[in-house]
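Below: a set of structures, written as structure tokens.
Shared between the two complexes below is subunit A, which has subunit B as its partner in the first and subunit C in the second.
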Partner chain A sequence: MGNLLAMINNNRVQTIVVPVISVALGFLIGAVVMLLTGHNPLEAYTALLKGAGLLGDVKRFGDTLLSMTALILTGLSVAFAFRTGLFNIGVAGQMLMGGFVAVYIGVKFSLPWAIHFPVAVIAAVVAGALWALLPGLLKAKYRIHEVVTTIMMNWIALWSVYYFVPTLIPGHFNTESKSINPTASLRTEWLTDLFQGSNVNIGLFLALLAAIIIWLILEKTTFGYELKAVGFNPHAAEYAGMKVGRNMVFSMMIAGALAGLAGAVFYLGYCSKCCPLGFGLYCSSVDNCHGRLI
Partner chain B sequence: MEYIIEMLNMRKEFSGIVANDDLTLQVKPGEIHALLGENGAGKSTLMSILFGLYQPDRGTITVRGREVKVNNPNVANALGIGMVHQHFKLVHNFTVTENIILGMEPVKGGRIDIRTSAQRIAEISKQYHLSVVPEAIIEDISVGMQQRVEILKMLYRDAEILIFDEPTAVLTPHETLELMGIMKKMTAVGKTIVLITHKLKEIKAVADRCTIIRKGKTVATLDVASTTEEKMAELMVGRKVNFKLEKKPANPGGEVLRIEDLNVKDQRGVNLLKNINLSVRSGEIMGVAGVDGNGQSQLIEAITGLRKITSGRMLLKDKDISNLTVRQRNETGVGHVPEDRHKRGLVLDFTLKDNLILETYYREPFSFFGILQKDAIDSHAEVLIREFDVRSGQGGQTLARSMSGGNQQKAIIAREVDRSPELLVVAQPTRGLDVGAVEYIHKRLLEERDKGRTILMFSLELDEILNMSDRIAVMYEGEIVGIVNASETDENQLGLMMAGAGERSLHG
Partner chain C sequence: MKKFLVSLLLVAGFALLVTGCSSQNNTPAQQNGSEPAKAKVKVGMTTDSGTIDDKSFNQGTWDGTIKYEKDTGAIETKYLQPSGEQHTDYVNAINDLADTGYQIIVTPGFKFETSVNETAAKKPDTTFVLIDGQPHNGDFKFVKHNNVVSVFFAEHEAGFLAGVAAALSSEAGKLGFVGGMEIPPVQRFGWGYQAGVKYANDKYGTKANIVKYLYQGTFNDTAAGQTLAAGMYDQGVDVVFHAAGAVGVGVFNEAKQRAEKGKKVYVIGVDVDQFETGKISNGKSVTLTSAMKRIDVAAYDYIDAKVKGKFPGGEVITLSLENNGVGLPEKNPNLSEDTVKKVEEVKKDILDKKVKVPGTQQDLDAFLK
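For the complex of A and B:
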């Protein structure tokens, strides 16, 4: 018993055990509710696992990875901002702007594949970062809370894209853009074949790469050290001679860049079009957003 | 009824931390009973239990011979127990009268009857010589008067048992004397006082009996008249305490810090600092005394670069630092032990080793082209932990938040001293620390002085100022009202200066 308690109190063990237990409890409580309402939890959970492709369906598993791609990046964006003391609730807007710019470049330019898609992705990253710049500046200069400003920026992003898609890159319907050129797509034949036709694409690797880079920045660099110090305690950071405002702006922009990348992988890897009605994350929860009003 | 309050075998635990282990407090009616203990010994927890803010895990409370359950502060009020908190609980833009009657306003015809209550307040304040201006707004009156308002609040509610939580921390020596007189008057008419403090001198001066607690346990209850300060200190700490600091005479060298006609105004143009002139030499400790809130914080911020100055200049070894950034000042040679170590001094969610490089992380050997050098950071932490005796659960990996106040402060001092700055600005170096840590930090600062370091030490504790300083500057309302040699002054003279009666002639 003593050993068990010691193990549970160990921080390293906790970081693994706590999420696992939480998820398990979630399933358990879900099961209780299903039993009470006269459904079979085993059947439901089997369907859940099957749907996710965890029971051997390769295409479905690919689709799960596809959904995961954008979620990794949007989650990373929020988490990064959190680590540096900011609450970036504007991921949706930053993602949408990133996605719009990526699709615009994907539609308007025709370049070789090796250049076209990287340019589109980088442009999306920059667009996301710039979309987060204003809230960052307002926070740094006037201490205007980023929750308020990023939500406002979300709506500005939404209606701007709603206006610019039919004006600049109109598709078949008012509410969707033209499809991007295949050279801008993140899909590759070998991945699609490997997952038997799933839309999973190299965005997945970009997302994993982004996660590693963010971890390296936060844990291994003086830049990350500063960002965290400012996030945890701006007064102490100021005392230590760090530029608090500048770090807040950088922090917001990196979070925005991650969201912009999420936009790129979503719209270049999955939708191939820009469908502005509805924010990115809702979009990804719907199986097929080709040309639909979301 | 021998005791008016009896708290027997109290125990209170907070998620694994035992705040009160086995505490017994017996207070006789009409006495001033001191509650003495180091920080974290359990004084505040015990009083919070009596006042109904916490529920004890074990133990009984008896008031006037009847066992009671104090579930919330209203019960305490009904029992005639009142508390003067260390941080006053007053409405700043209300008048004195309005604050006193707040919560139990007399109503006449649907309106508050200020006149009747003002009359009653006048009577009470006359009876106890508590001079207040009834129609003054709280934010315009002195801290001493604010405290008298707090006392009146309790008397207005007919409190019979009054708890004072560190009441003299915010007072000048003169105001402290006044307060003691007031306490004596209250006990003369039969009120009972519990005085929470760690100042032995005050206990000796005013208390009848004294209960000493250590690590959550009652160590002894003594008759103050038949004991000594040394004895009480020994019981409080658990070992012999060396009161006398071993201090060699200072051997000051050349001027290191020079402040000329420094002025600081706030956004509204109100003067926070007025024509500050100060010169500090190497190898001396210049103490800055003053009642809290007389410009000390602003002066610290101005010197360390955290606040913009309006006019004047500051020279560090003839280099003008007036308009340098914090980092530039750090690099020029300003070290800073901030007055609020949690707000400024530490990133509590960082590990100890990361806190030890808070100002130097970007420089070699801790950074190499922007990459943190783990080995250098680890060994740096190890050296400082050993040299400054910083104790923590997991060495450099310990989260700063989980360390004790004394060790947090030692870590900050280690960091600042290690940078070997020309000038060390030290603010409230021992606030809230236990006797052992205080001893260590004082010793260490004197060592630094003897090595030729320049130390500018701000403190609200007069004893600390008198014991540590070679010269003392006194601040009052944003001005330096006098500079005296520590060996030629005493508490009384400093007290007068702190209250504004300065002698501006004693410069240098």
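For the complex of A and C:
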């Protein structure tokens, strides 16, 4: 028993065991709910695995990777801010602004593919970072809590995009923008062929790359160490001679940049070739989730 | 240890949320595990933006589908709510149904035009009932698929009758119109409404005018709908016709608030009979009448056609007053007997082709001259 407890308390083991157990518990509780409401959980979970392409359907597996792409980045954005002691609720807004800028560049410019999509992606990253700058500054200078300011920024983003899409890049209906030029799309033929028609795209690699870079920054650099130190204990960090305010602003901006990248991969990759910037659901559903968290 | 447990529980909670959502979206399996009879046709429906209980488009389609199931027992039904409103989300939802043996898929709304176009080509054995839309590839060059029937409605005829009823009922003689997105079905409601008001003025000597005619631009901004309605009622308008989905809910909210204070204001509902939506605390309703399009009838009829092997694949069909596809509700408690009688007269005029209801802007301009 003591042995087992020691094992559970071991950090390394925990990082693996905790997610596995929690997912298993999730399935279990889900099954109970389904049983109570008169549905067959086995059938449901088979459909779930089948739908996700884990039982051999290549296109569906590609679609799962596709859905995963934006989620990796938004998750990374929240996680990064957490690690540095910030609660970034503004991912929805930063993502939307990133996506808007990416689509704007995708619609308004015509450049060769090798330049067009990188420009759009980089601009989205910058837009996301800038959208997070203000909450970062307010936190650093005046200790205004980022939960409040980032939620406000979400609404500013939502209504700005509502206004700017029909005025700057109007599409066929006024709830969507014009289609992006194909040169701005993150989709490639070889990936679509490889996954038998799924729209999984370069965004997936960008997301994985971002995850590695963030890990490197946090674990292998002095800069990352400082960011974490400020998160753990700003007073101790200050006492140790770190610039607390500056680090807070940087943390927010990096989290915002990740969210901006999420916007780019969502609107340049997930949407079909006519890429409407439908601003209802994705953004508002993220908002709603956050609403519930608070 | 305590921290470990807490975090474990938290993560488990989230995992539950996630699995909860996705299993709902991915289990188009028959309910109760009961063995279905072999001959049963599986009919699936995907929801448009909004939920299955939206008291409008989705609900109407679903009502028609389950009514067929109850009436005949020849089908089993399931609906899926796509995980988002992008083309990809719609395609995935349709594929989920088609890949689990759903032979007929009903898709309500023009937003499905591109996704049905894509999936109909890849799944020739699946039949599609596309309501209010016609398949195309994003360029509005319509494509004919032999496994798709496109169903449209003569919304202008319903709007026409609503216009007549509004003109006859308005005491102030000032009318309003709130549209959602400026798309053909909504525009047709509006054109018919304008023509109906003019027709009533000419025929029955009413002096009604549409003083405010606005498109809000979305189907979901309830708050904006309320603001628009408030502006209209402030100007002395007493009947507002909305063809605006959830924006219209805002119009209803404003009218109900005013009616609670004893003001005499009305709303004309859309798509389905919205009498219940307009009810206030004293049991009365602000719903004057509703310009209905029988989405449920469309779903019912074309499921029936497929089941009986008479599916009009590749055709584009318009349902009108003539085949009961559009019209006003049977009961309109807020219309006077005289008004009801006159609306019936006008309906007969349309059916007898004594009047041609304008269905385009050009026809309307000519009609108003």
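The rule is simple: the second predicted complex is superposed on the first by the 266 of 294 C-alpha atoms of A that agree within 3 Å, B and C clash if a C-alpha of one lies under 4 Å from a C-alpha of the other, contacts with A are read in each partner's own complex, and residues count from 1 in each chain.
The definition used in the following text is that contacts are C-beta pairs under 8 Å (C-beta built on N, C-alpha and C of every residue); 3 or more make two chains touch, one makes a residue touch a chain.
Here the structure is a predicted model, which means the values were calculated and not measured.
Trainee: Since both structures carry subunit A, what do subunit B and subunit C do when superposed there: clash or fit?
Mentor: Partners fit side by side after overlay.
Trainee: Is A:Ser22 touching the first partner subunit B, the second partner subunit C, both, or neither of them?
Mentor: Second partner only.
Trainee: In the overlaid three-chain picture, which partner chain does A:Ile214 touch, first (subunit B) or second (subunit C), both, or neither?
Mentor: The answer is neither, since A:Ile214 touches no partner chain.
Trainee: Per the contact definition in the header, classify A:Met253: touching subunit B only (first), subunit C only (second), both, or neither.
Mentor: Neither subunit B nor subunit C is touched by A:Met253.
Trainee: In the superposed arrangement, which partner chain does A:Gln14 touch: subunit B (first), subunit C (second), both, or neither?
Mentor: The answer is second: A:Gln14 touches subunit C but not subunit B.
Trainee: Which chain, subunit B or subunit C, ends up touching more residues of subunit A in the combined arrangement?
Mentor: Larger number of subunit A residues touched: C.
Trainee: For A:Ala44, decide between first (touching subunit B), second (touching subunit C), both and neither.
Mentor: It touches subunit C, and subunit B stays clear.
Trainee: So, A:Tyr239: does it touch subunit B (first), subunit C (second), both, or neither?
Mentor: A:Tyr239 contacts subunit B only, not subunit C.
Trainee: How far apart, in Å, are the nearest Cα atoms of subunit B and subunit C after the overlay?
Mentor: Scanning every C-alpha pair, the shortest subunit B to subunit C distance is 8 Å.
Trainee: Would you tell me which residues of subunit A are touching subunit B in their complex?
Mentor: Touch list, subunit A to subunit B: 220-223, 225-226, 228-229, 232-233, 235-242.
Trainee: Write out the stretch or stretches of subunit C touching subunit A in their complex.
Mentor: Residues 1, 4, 7-8, 11-12, 14-16, 18-20, 22-23, 25-29, 31-33, 49, 83-88, 91-92, 96, 100, 114, 138, 140, 181-183, 217-218, 220 of subunit C touch subunit A in their complex.
Trainee: Please name which positions on subunit A make contact with subunit C in the complex.
Mentor: Checking each residue of subunit A against subunit C gives 5, 8-9, 14, 18-19, 21-23, 25-27, 29-30, 33-34, 38-40, 43-45, 47-48, 50-52, 63, 66-67, 166, 172-175, 179, 199, 270-274, 276, 278, 280-282, 285.
Trainee: Going by the contact rule set out above, which residues of subunit B touch subunit A in the complex?
Mentor: For subunit B paired with subunit A, touching residues are 304-306, 325-330, 336, 338, 343-350, 354, 358-359, 361-362, 366-367, 370-372.
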